[in-house]
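Structures are listed in the sections that come next.
Two complexes come next, and they have one chain in common, chain A, joined by chain B in the first and chain C in the second.
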Partner chain A sequence: MATSNRTVRVLVVCADGAATSTVVSVRLREYFENKGLRAEVVQGRVVDAKTIVENSKFDLVVSTAGSNLGITNVPVLNGVPLLTGIGKDQFYTQLDSIIQQS
Partner chain B sequence: MDLKKILKPELIFDHLDLKSSEEVISFLAGELERRGLVKEEFRTAVLEREKVFPTALQTGSINVAIPHTDVKYVNEPALAVATLQEPIPWRRMDKPDDLIPVQIVFMLAIVDPSEYVKFLSKLTSMFGNEKNLAKLIVARSSEEIEQFLLSSLGSQDEIEREV
Partner chain C sequence: MGSVFNIVIKAFGAAVLLPLIILVFELALGVKFSKALRSALYIGIGLNTLISILNPYFMGLVGKAVSDMITGAGVNLPYVDTGWSLLASLAYSTLIGALIIPIGIIVNLAMIFLHWTDTLDLDLWNFWHWAFVGSLVYYATNNLIYGLLSAIAMEMFLLVIGDATAPTMQKFFNLPGLAWPHASGQGGTLIALPVKWISDRIGLSKIQLNSQTIRNKLGLLGDASVIGFIIAVIIGLIAWGSKLSDLQVWGSLFALGIGTAAYIFMYPKATAALMEGFEPLTSRVTELLSKSGSQRGLNFGMDSALCIGHPDVITTGLLVMLTTVPLMFLLPGNRILILGDIGVTPFFLASAITAIMGGNIITSYIATTISVIVTLYFSSAVSTNFASLLTTIGIALPDTGSAVVGADTRPLHGLFWMLGKWTIGGIPLGLILAFVCIFAMLFFFRRNKKAWYRAFGYEEEQHEARTEVNV
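Up next, the complex of A and B:
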């Protein structure tokens, strides 16, 4: 795959950048590892998300605290399916398509 | 993370007859505070955080909420659990403008997220299975809920091993 020789950069945010984003980050890292993709998963707070993606290049943002982060130049995915497992297949389908396009 | 250490029957409440998310949060935070597990400001901090970043998770016909707040308000890792007599409208974590009926509440007192993550991961995975949630809301005692959580979240040893 064309994407395998580069590093996918994901910003994972939740309200305090501690609880739910930690769970989501662990699951994403496992997913990338299983796919054999190099990835950098960075954790942060929702309120900082816009500034973080403006100052550094990310392929996507995953948020557990709503998708309305004021970010327009990077795709934002709802990370709650990775918490509960409900709708996670759909989440990974979207994730794969974003990675392939970027 | 020692599951047995944070899961205590005295912090598990079944069929609470409360009418709002604020009442549930105040009650559970009060129980945590009374035991010295969280600081005095914890209750207000959770309530304030919930206004901006609500914590209900849409899990099917039985929904759950996981109110929590910044680690600085917590003394010891803990968990307070409540099932509710009647579902209470609670705002969704991923769609804060949407209210959904919540019937099970897990109040998280987190000190070190990296230590808590395995537990939280197992807990949230359990939400994906509606049968588990159905069993929780029919349980009639704290001990019954405790036993069910211990068995479905895996033994203490298992969690220790995975950390």
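Up next, the complex of A and C:
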């Protein structure tokens, strides 16, 4: 179980690193805040995702522009459910289990 | 009503007025006050950073070189694209922009109710595209109704196109339940159809290239900031090429390149603040509408940005981005330098096109390149009035000599701008034509959906979508 003094690091990527990744980041920050978890949410462009993850330690990656990013060492979640609201609950279930494992 | 609004917007400026409008909408829809206030502030931050800090910096930097290029070397490219955020800022700073969100939602709901569309567009932010075109028409014709009708025509057209492309795009991008009535992402769709039709017949569609190999070969050139640097240095070389013995000139040349790269790097950050401010409103509307929407089996309209991470779209976008650089300088009659959006426009245009082409890089490249050429011509045409329109609504611009801020106007924006302002003897011929075409599309699409899906690239026997989602 994640303890309160640990920070969860999430990389959120979208096509341009500005638009949809911002929406997902806002919703993730809200979620972590409600759970009482400390989290750092970093935004980036999908083309840079692999390099960013290789150069810095992240617990997971959330992408709104396809999850096939060539990343193997960190779990990658599809962030589209946070934009549409469909499948949002499954998304958070997966998120919770990733946080618990890390 | 229009003139009162113009006085108010001039007095307050977009960076103050748009936050207020959004605040009112959010409170009306029951968003918590503290959240609404914060979001309004973030919209103000985003607009202020774009309009008052980044844009003047960039125009000031590039303006001198572009001016020298025109007067010294006679290369007549006076309009400088500083990125789509300025267009969005303009769009939301007019009366049409203030009305577009409620009107856009009402038109969409009415079309759903009449069974004219199966798309519920939840991508509120991107209503700006319609407001942008509507505002251009409004100020060109001085007729608010024409402006509003242009915006509505564009929305209706995109909802139909969103429906027609949904099966193809859902399958190709592996994103079920969504549709993309996005003006830039669908910008090349009408161009893709004939290109696909011809390519299928001459066998071009059968030649497949590996997109990953192409991407690996591009290396450093795959970065928009690097391309921005290169374009700026080209401009500098044309402007000051005869004075290269002077060390000072070399300094200016590299300052220009690095400043441009910095701008392309920074402006998505300001946009992110704007998007963050918009989020509570989108979130609230999604909450209110999405449940009944999914009960009826509607597709949710989304930003085409969701499609741009696809490897084939990235590869097509990168190749077209590289092609755009010589095109800007060599295309006869072109007057615009695409700088801010050099890493944006080719990718958005490539999104629907690549899906329609089933991931074929060659045909996608051809259709996207044609779309960019159309964009360059529309941008050249729209930009003649763009700067004066910005001043009219109170966006101050630095004096940059012969260089003027331009508008990156993609194919559908340009099309509806032309239709909207086309009147003969007081009769809005273009608008009549637009609505006749939209209703004809609706009629024929409803009658034979399968044939339309196929024309837009849908293949039933096509095996599973190629993007894997490892969730």
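Convention: the second predicted complex is superposed on the first by the 99 of 102 C-alpha atoms of A that agree within 3 Å, B and C clash if a C-alpha of one lies under 4 Å from a C-alpha of the other, contacts with A are read in each partner's own complex, and residues count from 1 in each chain.
In this section, a residue touches a chain if its C-beta (ideal position, glycine included) is under 8 Å from a C-beta of that chain, and two chains touch if they have at least 3 such contacts.
Please read these numbers as outputs of a predicted model, since none were measured by experiment.
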item	value
Three-chain arrangement built on chain A, chain B and chain C clash or fit	clash
Chain B versus chain C as contact partner of A:Gln94, first or second or both or neither	second
First (chain B), second (chain C), both or neither touched by A:Val53	neither
Comparing the two partners chain B and chain C, which touches a greater set of residues in chain A	C
Touched partner set for A:Val10, first chain B, second chain C, both or neither	neither
Contacts of A:Val76 with chain B and chain C, given as first, second, both or neither	second
Which superposed partner A:Leu28 touches (first chain B, second chain C, both, neither)	neither
First, second, both or neither for A:Val61, with chain B first and chain C second	neither
Partner chain in contact with A:Val41 - chain B first, chain C second, else both or neither	neither
Overlap of the chain B and chain C footprints on chain A, listed as residue numbers	14-16, 18-20, 22-23, 26-27, 46, 63-67, 78, 80, 83-86
Chain B partner contacts - residues on chain A that touch it in the complex	14-16, 18-20, 22-23, 26-27, 46, 63-67, 78-80, 83-86
Contact footprint of chain C on chain A as seen in their complex	13-23, 25-27, 43, 46-47, 63-69, 76-78, 80, 83-86, 94
List of chain C residues in touch with chain A within their complex	122, 125, 173-175, 177-178, 222, 268-269, 271-272, 275-276, 279, 282-283, 286-287, 290, 294, 300, 302-303, 305-311, 314, 343-344, 347, 467-471
Interface residues, chain B side, partner chain A - complex	49, 52-53, 57-60, 66, 68-71, 93-96, 108, 110, 113-114, 116-117, 120-121, 124-125, 127-128
